[in-house]
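Heads up: the structure comes next, in structure tokens.
Chain naming follows the written order as A, B and C, and within any one chain the residues start at number 1.
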Amino acid sequence: MTDLGWLFNRGTLTFLAGGLGVTLELAAIAIAISFVAGIVLALARLSRWHVLRIVATIYIEGMRALPLLLVIFFAYFALPRIIGVKLDPFTAGAIALSAFTAALVAEIVRAGILAVPKGLLEAAASQGLSPAQILRIVTLPIAVRQMMPALVAQFVTLLKDTSLTAVIGILELTRRGQIVFAQPPFQPIPVFALLALIYFTANFGLAQAGRRLETRTL
Amino acid sequence: MDWSVLGENAGLLAQGLLVTVEVSALALLLALGLGVIVATLRVAPSAAPRRIGAAYVEFLRNIPLLVQLFFLFFALPSIGIKLDAFVCGVLALGVYTSAFVAEAIRSGIAAVPKGQLEAGLSGGMTYPTAMRLIVLPQAIGKTIPPLGNTTLNLIKNSSLVSTVSVLDVLGTANLLGARSFQYVPMFAGAAICYLILTLPTAYAVNVLEKRYAR
Amino acid sequence: MPSPSAIEFSGVQKWFGTNHVLADIDLAIAPGEVVVIVGPSGSGKSTLIRCINGLEAVQQGTVTVDGRRLTAKGGELAAIRRNVGMVFQAFHLYPHKTALENITLAPINVKRVPREQAESEARALLERVGLPEKAAAYPAELSGGQQQRVAIARALAMQPKVLLFDEPTSALDPEMIKEVLDVMKALAHTGITMVVVTHEMGFAREVGDRVVFMDAGHIVEQAAPERFFSAPANPRAQLFLSKILAH
């Protein structure tokens, strides 16, 4: 185990770096989609319309009660049978991560919206702003600032969660690590140490970036 | 779609549910035990144990559970430690979750005003006594909500043991789905099993949260 | 033909649950009049002025502003609110916007005033409330008194015919009260209609055209300030004044 040339060579490292690229791509797509979908779900749950509120509540609470791995398997194996379209692993993984995280983001957004002082909304309303304008110009910008810490924590979780898509064969970082140690000289421990280091650095970096964003916007 | 497979295999799913409960319960015990120890380190009066506790928490929280589980299952045998898949599952889940337990307890303790501890110390109590009699009882209420969430996540995360061939709910559903090609009913059955576990837990957490919210 | 009232309450009733917060309110306020509403806390003063821009709905009776009846309908309500500015006890400045942006937000988004014009008007308003150098400051960087002056400028930016003040100095440290009252006094002489809920009896006496005394949801007495403060007719008003002037 002293000579790690089999791991630290250009070919293997490029292979693993490609995996990190897939991991980050998957995370970025899911963050973007779940952020937008989470806001829509939160607004639906706070809506005045009964039906909308009930549908959003069932979706959010249902998703939050299920394991992500089940959602990933469902998206890859079961969803194509329902919609009649075959999904490649990456698409299925992105759908599952986005759909799952959207429910969690929705709860963060809802808490953020409810935490906006009522007086600010009254001030805006008393100047003749419409409800849609109040939401866009006052409520959401203030809510997003308040929920930054929780959102960043959620996206750190999401970055870790992308590893679960290894089980449906997406060649992200964890899956590529498995492939590397399944080949001669069959030494998993250095591979895992490297994986751990990469994930740790990526997550820590994301958390730090989030913290900087927090202090800048507050 | 043939929903009859669900009825035919209900017994197997129920067995899987039992395995999920076993894994979750054992991992929770491990997580609580380790978590309390690490939380103690994190609020210790001197810097060295605090740093060790922080490193433990940050390390475990920032590495995916799946990677930790695969490490126990695939890597340890290469240095001669061969553990049963079930044991790997409980260990990985318990150790990973202990970081979140420790963090929940630490933040609960941090939420108790500092003057409370100081009042106890200035009254002549030792640090452990003041912690035990004054700070910890007040911290419990603030710890319940995050601990409840951690427990819920643990139950959901227990599904990862299926990736190392343990036949828990998800492992069973996946196997039966592949065998019968009836994925939709089998995953729906698995979802119901998880809801049976998580919804009452979520409800219990809510009740406790209200009782301790003072 | 008599000139129509700027604001008119007619037979207004309002309950919060079983609590009768506004009872048999009839009140007409003429254009340009400065009306000061006083009374013990919980007497319904704030609820009364919050009805004038529809932040509270009445259950019986009518409230009209500039001859238009306040009904809780979206578009029309917004139209009335454009003519009614409000200044709150807790300022309620938008924390994510600068002082200047707080002032230009409604003109730009509601009245569609071009940004440049809105900004130059906002600067003139900041000048008027004595804060020309604070245009780029965020609310968190301003003192309470400064925040409240920006809030007054914000309310003025929509060029309202009516200005409502809901205990504008109650959240301020004593040394900041004067700077806000000075701005309000200057406004009172411009001909704008003002309805002010306050505990500042000096302001009421000096600036008010009329004092309205409320107790337990009723308008108990209304009179010119000099008469109200020297010889209140109602025993509850006498008790209130003896308590508040004893300080």
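Here is the rule we go by: contacts are C-beta pairs under 8 Å (C-beta built on N, C-alpha and C of every residue); 3 or more make two chains touch, one makes a residue touch a chain.
Note that the structure is predicted; figures quoted are calculated from it, not measured.
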Request  = Compare the CA centroid of chain B with every other chain's and tell me the farthest one.
outcome  = C
Message = Just to be sure I understand: the centre of a chain is the mean of its C-alpha atoms, right? Then which chain's centre is nearest the mean of all of them?
response = A
Chain A and chain B: spacing of chain centres that average the CA atoms, whole Å = 20
Request  = With chain centres taken as the means of their Cα atoms, state the distance from chain A to chain C in Å.
outcome  = 47
Message = Nearest whole angstrom, what separates the Cα centre of chain B from the Cα centre of chain C?
response = 55
Interface residues, chain A side, partner chain C - complex = 117, 119-120, 122-131, 133, 137-138, 141-142, 145
Note = Note: in the complex, chain C contacts chain A through residues 53, 55, 74, 78-79, 81-82, 84-86, 88, 90, 92-96, 105-106, 109-110, 151, 154-155, 158
Task = Provide the residue numbers of chain B that touch chain A in the complex, in ascending order.
result = 1, 58-59, 62-67, 70-71, 74-75, 78-79, 152, 156-160, 162-163, 170, 173-174, 177, 183-184, 187, 190-191, 194-195, 198-199, 202
Key: chain B contact footprint on chain A (complex, rising order)   = 62, 64-70, 73-74, 77-78, 81-82, 156, 160-161, 163-164, 166-167, 174, 177-178, 181, 186-189, 191-192, 195-196, 199-200, 203-204, 207
